[in-house]
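Here subunit A shows up in two complexes: once beside subunit B, once beside subunit C.
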Partner chain A sequence: MRRLSLLWFGLPLVPLVLWSVAFGWRWPDLLPAAWSFRAWHYLGSPPAGLGPAVAESLFIALAVTLLALLIGVPAGKALGTCTFRGRRAVEFLFYLPIMVPGASAAMGLQPWLIRLGLTDRPAGVVLVHLIPALPYLIRAATAGYAALDPLVEQQARTLGATPAQAWRLVVLPALAPALAAGAGLVFIISLSQYLLTLLIGGGKVVTLPLLLFPFISGGDRAIGAALSLVFTVPGLLLFWLLDAWLRRYRLEVRL
Partner chain B sequence: MSDLVVHDLTKRYGGGAGIEAIDLAAAPGELLALVGPSGCGKSTLLRTIAGLTAPDRGRVQVDGRDVTDLPPERRSTVMLFQQPLLFPHLTVAGNVAFSLRLRGADRREAAATVAGALRTVQLEGLDHRYPDQLSGGQQQRVALARALAAAPQVLLLDEPFSALDAPLRAEMRELLRRLQRQRSLTMLFVTHDQEEASLLGDRIAVMQAGRLRQIGAAADLYDRPASEVVARFFGGAALVPGRVIEGQCFTEVGPFPANGATGGDVLAVIRADQVILQPWRAGQPEARILDVHFAGGLLLAQVECAGVVLQARLQVHPGFALAPGQPVALRIQGPVWCLKEEVDRCPSPLTLSAD
Partner chain C sequence: MWRRQSSPYLLLLPALLVLGVLFLGGLAVAFEQSLGVMPALGRLSPTLDYVRIVLASREFWTGFGLTAYIALTATVLACAAGLLLAVGLAAAGSRSDTLLARLPLVVPHTVAAYLTMIWLSQSGLLARLAFRAGLIREPGGFPALVNDPYGLGIILTYVWKEAPFAALMLYPPLAAAGRGLLDAAATLGAGRLQRWRHVILPLVAPALGAVALIIFSYTFGAYEVPFLLGQTYPRTLPVAAVERFLSPDLADRPVAMVYNLVITLMTSAAVWLYLGRLAPRLERGKGT
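== the complex of A and B ==
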């Protein structure tokens, strides 16, 4: 099973690896005619701007994930455990961004963000990334809370836990799989935003997709392929981190 | 001094299951069984004592300390629910040590307490298992061990064995009795099963419709129920309307010496062991057998006389034939406990039957 999943994950990457080191690869050749590390050399050089872009991407994605958790967990608790008037309407509003393209929302928001001085800065980009990402976290947290028996928390309380202790020691471990799945999605969604970053970042906030796009559309396949490979690393890293976190609670990542 | 005192405790809900002006006290080491039909508010009472539900009115004292305004974690009460509610990510030892970990107990002391608690519930050697590797009965025992490890002043049990099957339930009751003797722990045990209440409780408190109806030893409640509700709840008795005149109660099934009420319209609580059946001879008032069945070394017969249905308990070999439809002679052996007829007649037996 483990091997199969490795194959499943690794196979699509093979052409990327080949492209990144190919020097001319024309039909009908099975393998590139010549090899070169030109693309990797270029990415390693300061003018390519890879280091800052990776740092910017990670910073923004982490900030988005953190904010989404801060907003999404309480929202999920309300939706997953309470029944109140207008619950369906609130739910609809929360999930609306999945249906409406984030770009149209961002277009409408842009004048406001300009007025608030949030454009061309990572802060503004973080905010607009929340639009497409937050619904997934709310959804995951709602499911997590709905599956959790409220008596479990009360049991912890009568055994002597303060509300904070009960949350950390009992509720959080129970929510962990759902939150890990939601946070993983949020991170990946933020990481792969191109249009929103460009619109609100104004080209001054340069993340990995912004770096990648010109090479794919501009035709330098080798550099594009090498960048795509770099692009997979944060996602893998995240998966590994989440897995390590869940293992503490004897759980596995279920994305 | 009492370990647990509840005074005027009231919690009203829109849809019922609230409690109304409950006064209650449990002595140190006492096991008080709280019995009543479902929805009578007994769980609400327990939750209010535990601090999981805020009362509208009234006080709760634990070990002489007023805890009414304290959060659940500072009351030294631990609640045991119907489900084990073990924490799935912790081992058996981790679950039992939960409260010790919160208290910051040192490792050696915690290990000793955990081992002791697991020995008490006879689950030594399972420390490293996870809850999903245990049977339902084992899980409930771990939950009990976890509650014991917290060393509460008062242990609150909300029908903790009702999800187990009958043999396991009997075993757990035995365990609880033994535990009470060994540790002299004050316990409040909620159940809807009057038999369980009689088996476990030093005293029994009967609740109905949010109110405490009577509290006393099982024999008291059985011999001298204070109300129709209690009489019906403890079963095995027929309630027959009658009138008491000078110590004699006159009913459709004949006169007999009365106890309790001294005059007026009453309900006579005729218990099965007070109904004597004899062979019928011509000229005697006639009763008819409706049904007969064995019940643990005795015969239980249902008898109809002048439109009143009574239960009778007899030796297995009464010396005469007993069969449905057969006429018998019937005598009530007094004195029979008589209740003053209440103005607000109690709810029908239907609402009282435990579901």
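== the complex of A and C ==
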């Protein structure tokens, strides 16, 4: 089983590494005839725009994650701990953006965002990234709150903790694994958005996927491969770290 | 009587506002524009003309057929592969395998499409292997799997990406039942086929339905992979919608919105099915 999964999931990624250091790789060679770091040198040079694109991607993804936490945690508390009227409708609304493409909504929003001066800027892009990202955080927070014993907070209060202390010392540590899993997902979702960023960023907000896209749809193969690696590795690392950390809590990162 | 517990509605308010305004609001404007209403251009009276034009066009129906065909095929294949994988993982019971199976989930769709080009195009790695094996003499001898009329490259990309996702969703009910159930069935004389029919399928059925709906709605509405690996014509509905939307001709915009409307209807039907039919069964499954 292990060999099979390694073959099926790991092997396809290997040619990316080879292509990124290939100096031409002609038909019908199974390996590049010559090697060169040309693509990596190009990516390191200012005209490639890699530095600003990475910074822009990280900035947007961090902003989306923070906003999603602020908005999603209270919603998760309501869904995880309360019974109330209209719950099914709320759940339906929170589920829709996971399956209905956010791009359709973004295309409708665009004229309004233009009027508000939010297009062609990171702020507008952050807003539309919330559409696909927020539902995942709400789900994670809901699961976290549902697993939390509501009495522990009261016990902390009975023992003299202020509401802030009870939250910081009792509730937050218990929620942390679920929230970390949700936040990690949100971060990766924001990082990998191409279409939403293009539609609202108008090509002026250049994140990693926007930088990568032209190379894939018919540009320099070596540079495309190197950029793909740059694009994939951070998500991979984040995922692996989260998994290693969450394993202690017997939680799984769900995509 | 006032309780110190805050009202659930107050807690939900920010999320309701954000998703209500951004998502439902955006869809509402898209709907309005599909009726030709664009206040910025002074067009205020709704008309069904654009809906009629789209529904009467060959381009739309070919695109609809292509999109549905790709989404259905990818869903069936990904679910089948995911189920096999989940059963294999449950039998092996090792964590490092489930971690490995998650690899494709982290690979962005754009990169996955790129991998498909590198491996499956007519000058790709598989074609080169076929040449070495003496099966083909030139790149053209290898079947067209990228930008091909049957969307095979698109489907294969989705299967590679989504099969592990399906496996991870199907794994928990199998793992919860444990090997014991299968062993017991075998001891009682159940053959391989019977074990699948009477033990494995009933265990995973609700999760399988949910996974299928999620994969279907994703593949029905996604843009990147069919844009990169599809033909220029016919195009899937999301690719056609984006192209019409970005067109400088403003008359194209209501048409783009009709496309968006169809995508939204198809995918929200999947959500409705999921929440109405499958989620309750999944919840019940967890409780037992």
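By definition in this document, the second predicted complex is superposed on the first by the 217 of 255 C-alpha atoms of A that agree within 3 Å, B and C clash if a C-alpha of one lies under 4 Å from a C-alpha of the other, contacts with A are read in each partner's own complex, and residues count from 1 in each chain.
Here is the rule we go by: a contact is a pair of C-beta atoms (placed from the backbone, for glycine too) under 8 Å apart; a residue touches a chain by one contact, two chains touch by 3 or more.
Owing to the predicted nature of the structure, the values given are computational and were not obtained by experimental measurement.
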Once the shared chain is lined up, is A:Phe84 touching subunit B (first), subunit C (second), both, or neither of them?
second
First (subunit B), second (subunit C), both or neither: which does A:Val170 touch?
first
After the superposition on A, what does A:Ala146 contact: first (subunit B), second (subunit C), both or neither?
neither
What is the contact status of A:Gln155 with respect to subunit B (first) and subunit C (second): first, second, both, or neither?
first
Quick check for you: in the superposed arrangement, does A:Trp19 touch first (subunit B), second (subunit C), both or neither?
second
Could you tell me if A:Val128 is touching subunit B, subunit C, both of them or neither one (first, second, both, neither)?
second
Name the contact category of A:Ser217: first (subunit B only), second (subunit C only), both, or neither.
second
Between subunit B and subunit C, point out the one touching more subunit A residues.
C
Complex contact set, residues of subunit B against subunit A:
50-52, 71-73, 75, 77-79, 81, 83, 85, 87-89, 98-99, 102-103, 130, 146-147, 150, 156
Of all residues in subunit C, those that touch subunit A in their complex:
8-12, 14-16, 18-20, 22-33, 38, 40, 85, 88-89, 91-92, 94-97, 99-111, 113-115, 117-119, 123, 125, 127-129, 131-132, 139, 160, 164-165, 168, 213-214, 217-218, 221-224, 227-228, 238, 241-242, 245, 256-257, 260-261, 263-264, 267-268, 270-272, 274-275
The residues of subunit A that touch subunit C in their complex are 1-2, 4-6, 8-10, 12-13, 15-16, 19, 27-30, 70-72, 74-75, 77-79, 82, 84, 88, 90-109, 111-112, 127-128, 130-131, 134-135, 138, 188, 191-192, 194-195, 199, 209, 212-213, 216-217, 221, 224-225, 228, 231-232, 235-236, 239-240, 243, 247, 252-255
Along subunit A, where are the residues that touch subunit B in the complex?
149, 151-152, 154-163, 165, 169-170, 173-174, 248-251
